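Two complexes, one shared chain (chain A), two partners (chain B, chain C).
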Partner chain A sequence: MTISKERSVTATLAAATCTLLGTVPAPVDAQEEPKWDFNTSVLYYGEDGDRVQDASLKALIRRMFVDDRYLTLGITVDTLTGATPSGAIRQDGAQTFTRPSGNGSYVVPAGEHPLDDTFHDTRVALSANWTQPTGRAGLFDVGTSFSKEYDYTHLGVNARYAHDFNKRNTTLSAGISFSQDSVDPVGGSPRPLSEMLDVGDISNRSGSEDKDIIDVVVGITQVINPKLIVQANYSLSQSDGYLNNPYKVLSVVDPITGDTLARTPGIEGGPSGIFLFENRPDTRTQHSIYTQAKYYMGGKVLDVSYRYMTDDWEIDSHTVDLRYRWPLGSEKYLEPHLRFYTQSEAEFYRLSLPDPNDPNGAPLPAYASSDYRLGNFDAITAGLKYGWTTKNGNEMSVRLEWYRQTGTIPADQIIGNQANRDNYPDLNAVIAQFSYRFDL
Partner chain B sequence: MGSPCELITEAGSRDRARDLARLVADEVWRIEDKFSRYRDDNIVHRINTAAGRGVEVDEETAGLLDFAVTLYELSDRKFDITSGVLRAVWRFDGSDRVPEPEAVRGILDKVGWDKVSWQRPVLTMPAGMEIDLGGIGKEYAADRAINLLRAAGAPPSLVNLGGDLAVSGPPSNRRAWKVAIEGDLEGSHDRLIELRQGALTTSGDARRYLLRKGVRYGHILDPTTGWPVPDAPRSVTVAADTCTQAGMISTMAMLRGQGAEQFLAEEGIQSWCRR
Partner chain C sequence: MKKVILLAGLVMAACAGCSSMGVEPWERDVLAREEMQLTTDPLEAATDDHIYFSKEASSGGRGFGGGGCGCN
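== the complex of A and B ==
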C-alpha cells in the first residue's frame, strides 16, 4: 500500500481499519465529563404569626481538575424579615419597649407575646474549599469561609483529612475548624444585665464584641456489606468570647404576682416595664456524637441518623432523622423525611428575673437568658422531596417541609399570674425549596 | 490478554448475559491463542521460528500484517512489529538498569520491518528476528467483539480489554458510558470521559520506566534507535470510531515524543495527554 502524502494519518488509518475489520464503524461520540458542577437552590423558610421569614439563594460550584482534585465555591444570600421574640413575657396590659437602636420604641398589645419587629437583615456568605487526594488512600481538604450581615461578621478556616483502610471499606477522618466572629449590634452591645433604657439613652452601650470558635471532629465510616454503610462522628466545639444575644432581654417581675415591674418612661419615651439585657457565660464547650446508617434495599435507600449533643450550659439534645428514598422508575424519586428533636434548657435559662433593687428579694443570677432557643423544647419536621432527572441529565427537586416546635417552661420558674399565660408559644414554620443541579 | 477484561451489557437476564459473555470471551481467547508470542502452537510462533524460510499465512493474519505495514509507513518506521526483541535488553521495572549502548546496538540488526519480505500470503524474515502483534491484538480483539455483539443483536454493551475499550452504542437509560482514566495514583481518576459511541484507549504506563542519574527512560521504544522515545507524554488517551484506530493513534502519538500533542492537534483527534 502506498501512502499519499496529502492524506492525513487519520484518514489512511481509518481506511486500513475498515479493511482489517471488514466493517464501517459508526462515528465516535465522546466527550470529557463536564468540569463545572453547579448545585443551586432557592429556599423559603417562613414562621407563622409574623415571625421570621427567610428567602435564601444558594449556589455550590465545583470545578474539577485532573487527579480527583477540585475546588468548591459556595455563595449564599439570605434575606431575613419578620419579628422575633424579645425575651420579655406577656402582660395583661400593653407594653412599650425601646428599639435595639435606641432611636425609637414599639408597643406590644395587651396579652400578646413580645416580638421585636425590627429584625431584618441580608446575609452574604462565601466559602472556598480545595480538595485533593494525598497518596493512594488519603483525601485532604482545606477551606475558608466568610459571611457578612449588618451586625455580624464571620471569618473561618477549616481543614480535614480522611484516610481509607481495609480495601477502602473503612475511612477514618479528622477535621479542625477555627472561626473568628464579631458582633457589632445595632445601637452598640448592651452591658449584660443592665436595664433597657429610655429612647436616646445609650449610656449602657459599648461597641463591637468578638468570639472565637474551635471545632474538632473525628469520624469513622464503615462499609458493612454491599447494602449497608455506617458512620460515627465525635465532635468537640469550644466557643470563647461574647456569646450573648445583644437584642434579648428578660422581664423583671414582682415575686408574688409574677407581673412585670412597671417603669415610668422619660420624655422621649421608653420601656413601660423593667427589662434587663441577658447575660450568658463567655465560654461554651459542646460535645456531640453522631451516628448514621444508610441501608440499600432493592433501589430504595433508608437513611437513619441520631445525634446526641451535650454542653457545659447543661443543654442536652437528641435528634433522630429518617429519610427514605423511593425511586419511581429510573429518573424520578420521592423522599419522605421525618426529624425529631428534643433538648433540655440551659442551666441559666430564666423566664423572668427578680428585682435587683429589692433588698429582700432573691439575688440576681450571674447569668440569665430567656432566649426560647435555650429553653426546653421538642421539635418535629415532616417533609417530602420529589426529584427528577431532566432530559439532558440534570437534576431537579422540590422539597416541602413543616416544622413545629413546642416548648415548656420549668414549673419552678413560673410565678403567680404567669401560670395563666402561654409563656412559650408554639412555633410553626414551613420550608419550601427548589434545587437545580447542572453541569457545564 | 494479561490484564483484566470485562463485558458490561444491558442484557435483561442472567442467561442472556452469560451467553454474550461467552461469545465475547471465546473470540478474545481465539485471537489471543492465535497471535500470542508466548505460545508455541500458533502462526506467530511458526513465523518467529522459521529461521529464514518463507511462511504462508491465513487470511486473518495477512490482514493484520497488511495493517502493520500501513502503520509502519504512517509512523515513519517507528511503529514496527519486529521491535519486540528489544525487550531482551530493556526491562522497565523502575530500576536504574539502563542497558549499555553496545548491547542495544547489538540487537538493532534484528529489528526493522524493511528487512522482512512480505508478499501476501508469504512472509519471509531473516533468522533471529521476531514479530509481535501485541501492539495491535488487544484493540483488534475489542473491535471484533463489538462486531460480534452487534451481529448477535446484543443490547448496549461495553467491552474493556485491559483499558482498551469499545462500546456497541449508547446505554439505553443514561446519557453515556462513563469511563474514568486512571491517574498516577492507583485508584485515582485523572479524568472522566463520557462515551456514547466508538472506542477509547490509553497508551502509556506511568509505572513502567527506568531512572538513572536523574534521567527518566519511559517504556516507549523507538525501533529506529533502540532507545526510549525522549519526552513522550506519560499517557495519551484517544477517542476514535474503533478501538483499533484509537489504540494506533495513541501509540503513534507516544512515538512522536515531544511532538505528541502537536500531532494529535493537527490530526484533529479527540485526545487527552498527560505529561
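== the complex of A and C ==
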C-alpha cells in the first residue's frame, strides 16, 4: 500500500465513521492535504402564516495537522423571529392571552389558531472537536459544545472511539455525550398546571430550571462490495430534569361544548379564558435504531436511510430519507431529496383539559401537553440541490426544500364544538441554503 | 460476566460474518470518492438535524441527539 493510498483509506474511514458526531468533520481530499478546510453556509428557514423565520450563518472549519490529526470548529448564528403555537385551541370568538413576560397581553382573532408572536431570539452555537488516530486502526475524537439563546444555555462534552477491522472493511464505534442545559424563561418558569394569570401577576413563576442529557451511540459500518457501504447505529438518550416548554399552555374546556371556559381579566388585562401551563414527566428515555446505505451506480449515488425511535413517553417514530446524486458532467450535480416522517402522540398529549375546579368533572391528569411536536403527525420533505465546482476547485451548492407537517388529534380527545374546528396547527416551511466550501 | 462474554461472542461472530464481505485496498477507488462518504455534506446534515430536532419529537440516530436549543 502506498502512503497516499493509506491516507486515502484513512480519510475515507474517518469520514465514514465520524458520522456519530452531531457536527461531523468534512471528508478531505487526500491528494492535496490543505491545512484549512472551510465549510460555510447561509440558511433561510421560513414557516408560513407568520410563524417561525430563521436566518442562519454556519461554518465548520477544520485545521489539519500532521499524522492525520485535526481540529474541527463549528459556529452557528441564528436569528429567529415569528409566532409559535401557544398550545391553546381555536375559539369562535377572539381570545386574549397574557404574554410570557407577564408584561402585556395579545389578542388572537376569532377562529384563528392561537399563536404567541413574542418569539424572537438570537442563538449562537459553538463547538470544538479534536480527532486523532490511535494505533493503526483506531480513531479517537473528543469535543465540546456550547450554545446560548436569550432564555437557554447549553454546555456539552462528547467523546467517541472507532476501530477498524477486516482490512478496514468493518468499523465498530462507540460514543458518549453529556449535556447540561439550563432554561431561564422570560418572566420565570411557571408552576406546572398553574393558570395563566393577569398581566403583572407573576406569583406562579420561579427562576431558572436545568436538565441533563446523556447520549450513548454504538455503531457498525461495513463495506459490502466496491460499490456499497452500510451503517447501523443504536442510540440511547436519557434526559432528566425540566423537560417542559415553559411557554406552552392548554385550554380548560366545558365538558359538553368543548369550548374554552371564560374568565374575567383583571384591570391591567389578562387572559379571556382559563389556560393551564403544561407539565411533562421529568425523565425521558429514547431508543433509536438508524441504518444507512450508499450505493454507487455508474456515477450516480443512491443514499437511503431509515430510523426507528421509541421512548417511554410512548412516542414511536419512523423516518425514511432518500437522496439521489446525479452528476452532470464531472463538475456539477443535481440531488433530489425526499424524506418521510411519522410519529405517534405522547401518552400525555391532550388537546384540552377538564376544569380542575369542577367537583363533578374529570380529574386533571398528572402530565399534559398540547405541544404539536408531541402530537400524532406525518411530515414530508421534498427538495432539490444543485452543486458545482468553481474554476479554482472550490465547491458551491444551493438547495431548496419544502417541509410539510399534517397532524391529527386522537378522536377520543375531541369534545363537542371542537369537532367543527381544525385543531392541529399544520406546518408548511421552506428551507433555502447556499453553501461554499474552500481550502486555504 | 456471562453477559460480557456473550456480548463479546456476538460481536466476534458478527465480525466473522463481515469478514466474508468487503474489498481489497486496491478496490477502494469508488468508496473513496467524496460522494460515497456516509455524510457527504456535514454542514447540511447538521442543519437538517437541528431543524428536525426543533420540529419533531425524535432526534439523533445518525449522531448524538443531544440538546442545545430551547426551540419554541
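Keep in mind that, in the parts below, the second predicted complex is superposed on the first by the 407 of 440 C-alpha atoms of A that agree within 3 Å, B and C clash if a C-alpha of one lies under 4 Å from a C-alpha of the other, contacts with A are read in each partner's own complex, and residues count from 1 in each chain.
As a convention for this text, a residue touches a chain if its C-beta (ideal position, glycine included) is under 8 Å from a C-beta of that chain, and two chains touch if they have at least 3 such contacts.
Treat the numbers as computed from the prediction; the structure is a model and nothing was measured.
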Partner chain(s) touched by A:S177 [first = chain B, second = chain C, both, neither]: second
Contact breadth on chain A, by residue count: chain C or chain B: C
Touched partner set for A:R399, first chain B, second chain C, both or neither: second
Partner chain(s) touched by A:I213 [first = chain B, second = chain C, both, neither]: second
Touching partner for A:S147 - first (chain B), second (chain C), both, neither: second
Which of chain B and chain C A:V66 touches, first, second, both or neither: first
First (chain B), second (chain C), both or neither touched by A:T257: neither
Chain B/chain C common contact set on chain A: 1, 8-9, 12, 16, 19-21, 23, 25-27, 29-30, 168
Complex contacts: residues of chain B adjacent to chain A: 63-64, 66-67, 69-71, 73-74, 140, 143-144, 147, 169-170, 173-176, 178, 183-200, 239-242, 244-245, 248-249, 252, 263, 267-270, 272, 274
Chain B-facing residues of chain A, complex: 1, 3, 8-10, 12-14, 16-17, 19-21, 23, 25-33, 64, 66-68, 133, 135-136, 168, 330-331, 392-393
Contact set on chain A toward chain C in their complex: 1, 5, 8-9, 11-12, 15-16, 18-27, 29-30, 39-41, 43, 45, 52, 56, 58-60, 74, 76, 84, 119, 121, 123, 125, 145, 147, 149, 151-152, 154, 156, 158, 165-170, 172, 175, 177, 179, 181, 183, 211, 213, 215, 217, 220-227, 229, 231, 233, 235, 237, 239, 245, 247, 286, 288-290, 292, 294, 296, 301, 303, 305, 307, 309, 311, 313, 315, 317, 319, 325, 333, 341, 343, 346, 373-374, 379, 397, 399, 403, 405, 427, 429, 431, 433, 435
Residue ranges of chain C touching chain A (in the complex, touch as defined): 11, 14-15, 18-19, 21-47, 49-52, 55-70, 72
